[in-house]
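Scrolling down, you'll hit the structures one after another.
Same chain, two partners: subunit A is paired with subunit B first, then with subunit C.
And then the complex of A and B:
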């Protein structure tokens, strides 16, 4: 579905990603794990078109999308839930969701999708008229996921969905991602929360200093002694 | 129930607005002194300028400090069109519509590179754009250069001609305010707000932000263009010093921010209040003092009402309501 072919991304002279290749298969949850500063967010921004590539290509269903502007990439259904949520804080929950359904296609379905979002996150329905900035961290994360769902994504990319959240809220968010996956939504999760991320994922990549050092089945990776030692502390 | 109330409230507001427009429309025919017609014409001009500025400055968050350029371009385009096509005095006024289109086109050309700049850089470059436009006009002979241009005036008593221009400006103001209101409630406006809040996120939400910004800039330049055209016919003489005056640029930004940039009501209230205050001060107070008072007024509003006077009053009313509600609840609890 999404194929990242040997990309290198640089910040001036410094390479944040070197020769990274990733395959995301339709219908699966792919995990990208790694410690702070390993290049996870850079990779997502490169896919979204927010960060230009130095070399390499990104294909979406066989078509090259690297080099397209972010809105064109998003219009194809590659939607990012950014790190730190990045809501529109002075707009209401409802307005935030509506922005998600900006293009004519998702807009036609907006009412239906919004109903579904409210089913997934009943708390958002209670808070629909409130400013997004006034919500708790967990609720904001729900709005961020809801806003992404409103644009009817084909690939949902979550950047650190557990950042700054209580463990129970994190658990809830991951549960919903799994549930959406059961309904056929392909996802890419980028996270430092290795244990939970791997346990809901199918495929996994381990990123270290901008390079892929391990790839494989998520459950196998969870059992790998090296991962256990460096990332799970057991 | 609450919904029904909203609805009737909505109609009431609509009715009041139609009433105000009607009164304004009748006003010049009640034969007030010419000065008052001219003053009202000025108020309407500033409302139009501030409201259209607000589309790019308020909704989108791109502070243009060169909006007077579009006003001036409209004025000159009208005058040139009128002279080239040898239009009679009545038809020259109609040339202000294509003149608005010229302004919008210039906005597209200028906006394409400039709208990539954000924050203070955009403000500075638009300011420069206004200066460059003024200098260009001043140095082009076919635009009259430093002598300015004359436009054929209507051959009728000044009261009647001023009244006609007043009516025209009123129509433009109403159309401009309605457009602003429509944009606010539309998908287009939602996109613009998203750009103001966080442009990068807006882009990742599949919003084509460069296109939206240019469209907003063009709309926001169109109305000043038409207003400039009407203004040119009204004055019958235009000069770079008058229609490219940088003070107008600054004034319309201040007016919009004074009222509050979040909705169409802000620039309307801001422009009206400030034109009245300015006129009052320059009539009754010495010019030097007038400037000082005007400046102080601004400082006070910026410090105490950073979101503008409209938002401030709104919050005041909401607080009041909550308080009375609270007191009522308390007292009914005490009674029972």
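And then the complex of A and C:
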């Protein structure tokens, strides 16, 4: 579905990603794990078109999307829930969702999608008239996921969805991602929360210093001694 | 103090201030949304004033009626200017400074273009109703000012409606509050900025016509108008449309009252003195920045 072919991304002279290749299969949850500063967010921003590639290509269903502007990539259904949520703080929950359905396709379905989002997150319906900036961290993460769902994603990419959240909220978010996956939504989760991420994922990649050092079945990786030692502290 | 005179200058001030506000909202918008301080904002308003003047003198089209032509034209002009000149500098690190230098150049070119086409003489937009006055009790309402006030009211409400109620307007706010995330939602920053700039220049066009109905104007009038723009934004808060509206009226009231009760040469001293006091006490403006 999404094929990342040997991309290198640089900040000035410094390479943040070197020769990274990833395959995301339709209908699966793919995990990208790695410590802080390993290049995970850079990778998502490269896919979304926010960060230009130095070399390599990104294909979406066989079509090159690297080099397209972010709005064109979003229009194909490649949707990111950014790190730190990045909501529109002085707009209401409802308006945030509405902007999520900005593109013509999602706009036509907005009413139906919003109903679904409110079913997933009943709390958002209660808070629909409130400014997004005034919500708690967990509620904000729900808005961020809701906003992304409003864009009718074919691939949902979540960047550190558990960052700064209480364990119970994190659990809830992961549960919903798994539930959406059951309904056929392909996902890419980027996280330092290795145990929880791997346990809901099918495929996994381990990123260290901008390079893929391990790839494979998520459950196998969970059992891998190196992963256990470096990332799970067991 | 004479009550009638006070009330009268208050009314005049509010009406003048409303026109400053109309001229200022677009300036506030581009500053707030795009970090572009458009020094040529008032010059576009002046251009629109001269165009309406010519349309009136040559074809006898009323300046208010000609807004139907000038507003879309100004919107289009704004979009073109954005696409060709402003967009390339928005990637610069110091957008605010580079935008001021660039738009200063645009202002000089426009001013000389106006000079070339219309000459240096001061103009007065004298319509059939210029000297018309409504009298209510002891108070009188000059028709052009009333018209300018209504125009400003409509203009400010329209922009406010655009930003708060339409999807495109919401996208403008989203793009300002969170540029990256707005792109992830499928908003094309370049396009939305272009629309914002077009709307801003169209507002300036309406404000310019409003100013032309109140005062005489000449090719360098925009320099004075620009000072009022800064006043409006500093009082009203960057990017805050209702703040700009309030800011315009506050400045209008101050000038109106000081004109009535002080020697003329003190008027500007008071206005700018007050501005300095505001800047010292509340550097972020009286109202919050908001879009």
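The rule is short, and it goes like this: the second predicted complex is superposed on the first by the 234 of 234 C-alpha atoms of A that agree within 3 Å, B and C clash if a C-alpha of one lies under 4 Å from a C-alpha of the other, contacts with A are read in each partner's own complex, and residues count from 1 in each chain.
Definition applied: contacts are C-beta pairs under 8 Å (C-beta built on N, C-alpha and C of every residue); 3 or more make two chains touch, one makes a residue touch a chain.
Note that the structure is a prediction, hence the values are computed from the model and not measured.
> So if we stack both complexes on subunit A, do subunit B and subunit C clash, or do they fit?
Clash: subunit B and subunit C overlap once superposed on subunit A.
> Quick one: is A:151 in contact with subunit B, with subunit C, with both, or with neither? Answer first, second, both or neither.
In the superposition, A:151 contacts both subunit B and subunit C.
> Should A:200 be classified as contacting the first partner (subunit B), the second (subunit C), both, or neither?
Neither subunit B nor subunit C is touched by A:200.
> So, A:1: does it touch subunit B (first), subunit C (second), both, or neither?
After superposition on chain A, A:1 lies in contact with neither partner.
> Return first, second, both or neither, reflecting whether A:74 touches subunit B, subunit C, both chains, or no partner chain.
After superposition on chain A, A:74 lies in contact with both partners, subunit B and subunit C.
> Can you list the residues of subunit A that touch subunit B in one structure and subunit C in the other?
Common interface on subunit A, subunit B vs subunit C: 48, 50, 69-71, 74-75, 79-80, 82, 86, 88-91, 95, 98-100, 102-103, 107, 147, 151.
> In their complex, what parts of subunit B are in touch with subunit A?
Spelled out, the residues of subunit B in touch with subunit A are 187, 190-191, 193-194, 197-198, 200-210.
> Which subunit A residues qualify as touching subunit B in the complex?
48, 50, 69-72, 74-75, 79-80, 82, 86, 88-91, 95, 98-100, 102-103, 107, 147, 151
> Which stretch or stretches of subunit A touch subunit C in the complex?
Per the stated touch rule, the residues are 48-50, 69-71, 74-75, 79-80, 82, 86-91, 95, 98-100, 102-103, 106-107, 147, 151.
> Which stretch or stretches of subunit C touch subunit A in the complex?
167, 170-171, 173-174, 177-178, 180-189, 290-291
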